[in-house]
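Chain IDs A, B, C and D follow the sequence of writing; residue 1 opens each chain.
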Amino acid sequence: MTLSVSDLAVSFGGVTALDGVSFAVRPGSITSVIGPNGAGKTTAFNAITGYLRPTGGRITYDGAALSGLRPSAIARRGIVRTFQRTSIFPSLSVADNVLTGLHLRSTAGFFDVLAGRRRLTAEESSLAADADGIIAFVGLGHRHDEIASALPYGEQRLVELALALAARPRVLLLDEPGAGMTGVEKTVVSELIRKVREQGVTILLVEHDMRMVMGISDTVIVLNHGRVIAEGTPGEIQAHPDVIRAYLGAQHGPA
Amino acid sequence: MDQLLQHLVNGLVLGGTYALLGIGLTLIFGLMNVVNFAHGEFYTLGAYVAFAGIALAGLNFNLAILAAIVVGAALGWLCEVTLLRPLRNESIDTTMLVMIGVWIAMQNGELLVWGGVAKSIPHPYPTAPLVMGPVAIAPLRIIVLVLAVGLIASSWLLIHQTKLGRAMRATFQDRDTAALMGVSIGRVHAATFAFGSALASAAGALLGPVFLAYPSMGDLASLKAFSVVILGGLGNLTGATVGGLLLGIAEELGAGYISSGYRDAVGFVIIILVLLLRPSGLFARQERIG
Amino acid sequence: MAQPEALLRLEDLHAGYGHVPALRGLDLLVAPGELVCLIGANGAGKTSALRAISGLLPPSRGRIVFADREIQNTAPAEILKAGIAHCPEGRRVFPYLTVEENLSMGAYVRRDRSAITADVEQVCTHFPILAERRRQMAGTLSGGEQQMLAIARALMARPRLILFDEPSLGLAPTIVESTFAIIADIRRRGTTVLMVEQNAYAALRMADRAYVMETGRIVLEGAARDLLADDHVRRAYLGA
Amino acid sequence: MRALGRGLLAAALVTLPLWLADPYYLHVAIMAGIFGVLALSLNLLLGYAGQLSLGHAAFFGIGAYTSALLTLKCLWSFWPALAAAIALAAAAGWLIGRLALKLRGAYFVLVTISFAGVISLVSVNWIELTNGPLGLPGVPAPDLGPWSLRTKPAYYYLVLSGVALSYAVCRRLVRSRIGRAFVALRENEPLAESIGVDVTHYLVLAAVVSAAMAGLGGSLYAHYTRFVSPEVFLFTYTVTMVIMVIAGGKGTLAGPLVGAVLFTVLPEALRAAASWQWQMLAYGLLLVLLVFFLPRGIVPQIVASFSGHPRSAPGSRAPLR
C-alpha cells in the first residue's frame, strides 16, 4: 500500500521541472513536500495523479504502475488529489458538490438509470446519507444547501476537501490546503487532516505554511530545483543546512 | 498541365482574399479570444458598401474599396466597444453566442436593405481575359490579387512596424505584462477588432465584383476564414497568409478535379482534419509562454 | 499625518483574488533613495503587494500614496507615468518580440521619441549583451539574459521607483550575483528600489531596510542589518 | 400545490386537440413539440455536459433523411424506420463525441459546424440517393396498427409521446449519477477527473443520447411535413435550438420546453405583423439581449424570483465552458 516515486523526471519544452525525484510515502503517514517557489512540488503532484505525463521514471502504488493512467483511473485506485487553486463545482450546492464527489461509490449504469430500477432509489438514498456524513465531518452542516461559490473562501476549501473525501481516497494528495487561510482556519484544516489520517488514509501534502507543515507531518521531503535535497522528520529538516540555504540563501559569503 | 496552371492562378486570386479574411479573424480570435461568427458579415458588408459606392454613389473602384475598409473598421470598433467590452471577463461561449446573434442580425438586416436578389457590382476593367500562354485571366482578377497583396503587406507593416502593432503583439504574448508596460488592453482590443473587420470588409469589396453580392455570402466567408485560421494557427499572420493561399488553391483544384459541388467541403474537411490531427495548426509555433 | 520623507506609503491595504484574500492590512513605507526588501515565505502575499502597487491588483481597502498622490484606484499606465516601474516575477519578457522591441515596450507610455532612442542606446552600452542580441527574439535568450532585458525594460520607463519581484528566481548562482550587483547599481544611480526576494540573506545584505511578510501583513520590520541577525526571519521561513 | 399544477398541465396537454381543434393551432403545437424534442436534445449536451454543438441540425437531418429514405426506398414501415433514424443519429453522435473528445470550447463548436456542413453538402450532391436539392417528397404518414396517424390530432399525440419520452429520459439521466457526472464535466473538468469521472465515457454518452434524441425529432419532422430536402440541415434550425435552450434556461429540465413553445408560437403570432427577415433580425438581436439581460434563461429566473434566492439549478454565466 505504498505510494512510491522513483527517478521521476518532467520537463516542459526543454525546461526541467523535475530531475530524478524519488521518494516513498509510508502508508498511514502524513508526508509533506516543501520547497521554494518553482521547486517542482505541484509538478510532482500532477505527474502522480496523471495530469501530466512524466518524461521519465516510475510511479507505483501498492506495486502497480500508475504511469500512463488517466486521472480518473488513478482516482479509481484510491489516489485522490485536491488543487492549489480552490477547485469546486461552483454553481452547485454544497450537498450536490459532495454528491457528485461520490461518483466512485455508486454503480448505476446508463440502462439502470433509464429503466429507473428500484435498486437505484436505494443507492441514491444511501449516497445522500453518505454525503450528509461527509459534510458534517468537515463541519459544513450549516451550509448544506448553499451554493458553493457563494461561501467564504475558507469554507470553499472545506468543500474541496469534502469532495476529495467523497471519492474514498486511500492516499489523499492535498495541494496547499492552507493557502490564503487565516491562522484559525489553518488550525481547523490541520485538525481535519489529522482526523482523516486516523481513518487510515495516507496523506501527502504540499504546503507553504511551515508552522502547519512542521506541526502535522511525520515526514518532510524538501525539493529544490526539481531534486530532493532532504528528507526527514520536521526537526531534522529545520536544522538541515541545505534546507536553510534553499530557503534563505547562503548566510555567509560575498555580498 | 495547362489546366493545372489555370487552376493555380484562379486559386491564387481566391486565396489572396481568403488570406485577408483569415488575417482579420486570426488576430481577433488569437488576441481577444473571441470566436467571431460575424466575421463573414463584415465581408458581406464590404461587398454591399462597394456596390452602394460604385453603383449608387458613382464612386470610382478604388475609392469604393477604401469606403468599405472605413465602414468595416467603424462598425467593427462599434461592435467591440458596445458588445464585447462589457463581456471581456465572460467565458468564450458567452461572447460566441453574442457574435452569433450579431451574425444573424446583420445578415437579415442586409437582406432587408438589399433584398435577396444577388447584385452584380460594376467595375471599370475590361471583361475580355488576358491570355498569357496557357493561362487566361480577367484583368479584374489581376487587380484584385494586386490589391489583396497590397493589403496583406500593409497589415504586415502595421503589425510589425508600428507602435500599435507592437502593443498588439505584446498583448497577445502576455496580456498582464503588456498592461504593466502601460498598454491599454481595451484600446488594443478595439483596434484589433476594427482592423480585423476592416480586412474582412476589404475582402468582400474585392471579391464582390468578381462574383456577386448577396446577403448570405458571409456564411461561407466565415467558414473559409475559420479554415484559414485553423490551418495557420491562432494569431499567426504568416500562417494565415499561407493558409489562405493554400485554401484558395485547394478549393480550385478540388472543384476542378473532384467535383464542383464539393468545392466548399474543402474548408470543412480542413477544419475537421487539422483540428483532429494537429489542433494548434499546421504552421503553429508556441506563441504564448506561461 | 503626512510623513514627508516617504516616496511610497501603503496604509492598511487589503486586496484579494475573488474570494481569496491576499493582503490583509498591509502597511509599508519606502523613502526616496532607499533599497527596501520585502521577504517572507511563499504565499505570504509579497507578489500581490507589488501587483497592488503597480495597479494590476486593485485593492479593496486602504491607501497607496506615491509622491504625495493617492494611486490605489489608478490604471497601470498612469502609475507607470507617475514613475513606478515593475519588473515582474519570472522576467516575463515578450518572447516573440526582439530585444529592441521589448525595450521600446518598456517606454510605451513615453512620448519623447528621440529621448527613447537615446535611452535604448544607453541601455545597450550599459548591458552589452543586449546590444549583441538586439534583433534576436527575446524568447531565445538565456535566463540570465532575459533577466537583464527585463531590468533594462523597466528602466526604459525612467522610473523613480522600481519594483523587483524575485529577481533571482530560477537563475544560476553566478547570474544571481550579477543581477543583485545591477540592482545595487541602479539604486546607487538614484532610483529607489522595492524588492521582493526569496533569497532572504542575499536580499538583506544589500538592502537598507526590510519587511517580513506573513499571511498578507507585515510581521517584522527593521534595518536589514538587524534582521540579518534576527532569528525571527528564519522562523518566518521555516516555522521553527 | 406543485403536483396539482403538473396534473393540470398534463391534462391540458392531453386534451389539447379537444379544445384547440383548429388545424392551424394544432400544427403550431406539433411544431412546438418537435422543437421541444430538439431543444431537450441540445440541452443535454449544452446545458448539462457544457459542450456547445452548432451542428445539431446534422443529427436532426440524419434522422429525417434516414426515416424518409427507409420508408420511401425500402418501403419500411414507420416504426422500424424511426428506430433506425434514432440509431443512425446516435451513431453520428458517437462519431462526433469520439472525434471531438480532445477539443473543447471554440474548437468543438467548429468541428460540429464543419460536420454539419459536410453532411449537408453530401445531401445536396449525392443525387442518386437524396434527389439533391429537389428533396424527397411523399414521405408516408405513420401508422399505428390499423390506424393511420395522418390526421393532425393523431400526429399531435405521436409528437406528444415523443416529447414525453425525451423529457423522461432527460429527467432520469439528469437526476442520476450520470447527470451529475455531466454537470461535473461542465463545471470543472479537472476536478471531475480527480473524483473519478471518466471524461471519455461521459462526454461520448452525452453526445450519443443527445444525437439520438435529435434523430427522433428529425424522423417526427419528416413524417409530419411528408417532405425532406437539404433544408433540414440549415443552420437556422441549429440557431433556433440554441435560442430556445438559452432563452428557456440551459441546464434545467423545463427550460428547453418553455423555450421551444415560446419560440414556435411567437414567430407564428408575429407572422402577420412582420416578414421572415424581420423575425430573423429580431432573433439575432434577441440572442444578444438574452446574453446581456437574461443569461440564465427564463425558467431559472422565475424559480429564483419565487424562491427568493438562486437555487442549485445551474445556469449562471460562468459555468458554461
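As a working rule, contacts are C-beta pairs under 8 Å (C-beta built on N, C-alpha and C of every residue); 3 or more make two chains touch, one makes a residue touch a chain.
None of the values given here were measured: they were computed from a predicted structure.
Q: Counting one step per pair of touching chains, how few steps separate subunit C from subunit D?
A: The least step count works out to 2.
Q: Between A-C and B-D, which chain pair shares more contacting C-beta pairs?
A: Comparing A-C with B-D, the pair joined by more C-beta contacts is B-D.
Q: Would you kindly say which chain has the C-alpha centre located farthest from the C-alpha centre of subunit A?
A: Looking at centroid distances, B is the chain farthest away.
Q: What is the distance, in whole Å, between the centres of subunit B and subunit D, each centre taken as the mean of its C-alpha atoms?
A: Once rounded, the distance between the two centres reads 33 Å.
Q: Calculate how many whole Å lie between the centre of subunit A and the centre of subunit D, each centre taken as the average of the chain's C-alpha atoms.
A: That pair's centroid distance is 41 Å.
Q: So the centre of each chain is just the mean of its C-alpha atoms; given that, what is the distance between subunit A and subunit B in Å?
A: 48
Q: Mind pulling the subunit D residues that touch 2 or more other chains?
A: Each of 318 in subunit D touches at least two other chains.
Q: So which chains actually touch one another? I want all the pairs, not just one.
A: A-C, A-D, B-C, B-D
Q: Name, in rising order, each residue of subunit C that touches subunit A in their complex.
A: Answer in residue numbers: 16, 18-22, 24, 41-43, 166, 169-170, 177, 198-203, 205-206, 215, 233-234, 237-240.
Q: Can you list the subunit C residues touching subunit B in their complex?
A: 54, 56, 75-77, 80-81, 86, 88, 90, 92, 94-97, 101, 104-106, 108-109, 139, 153, 157
Q: Under the stated contact criterion, what part of subunit B meets subunit C in this complex?
A: Per the stated touch rule, the residues are 163, 166-167, 169-170, 173-174, 176-184, 287, 289-290.
Q: Would you mind writing out the residues of subunit A in touch with subunit C in their complex?
A: Against subunit C, subunit A makes touches at 36-38, 86, 149, 151-153, 156, 176, 179-183, 208-215, 238, 243-244, 247-251, 254-255.
Q: Sort out for me which residues of subunit B touch subunit D in the complex.
A: 29, 35, 83, 86-87, 90-94, 96-98, 100-109, 111-112, 219, 223, 226, 230, 259, 261-262, 264-265, 267-269, 271-272, 275-276, 279
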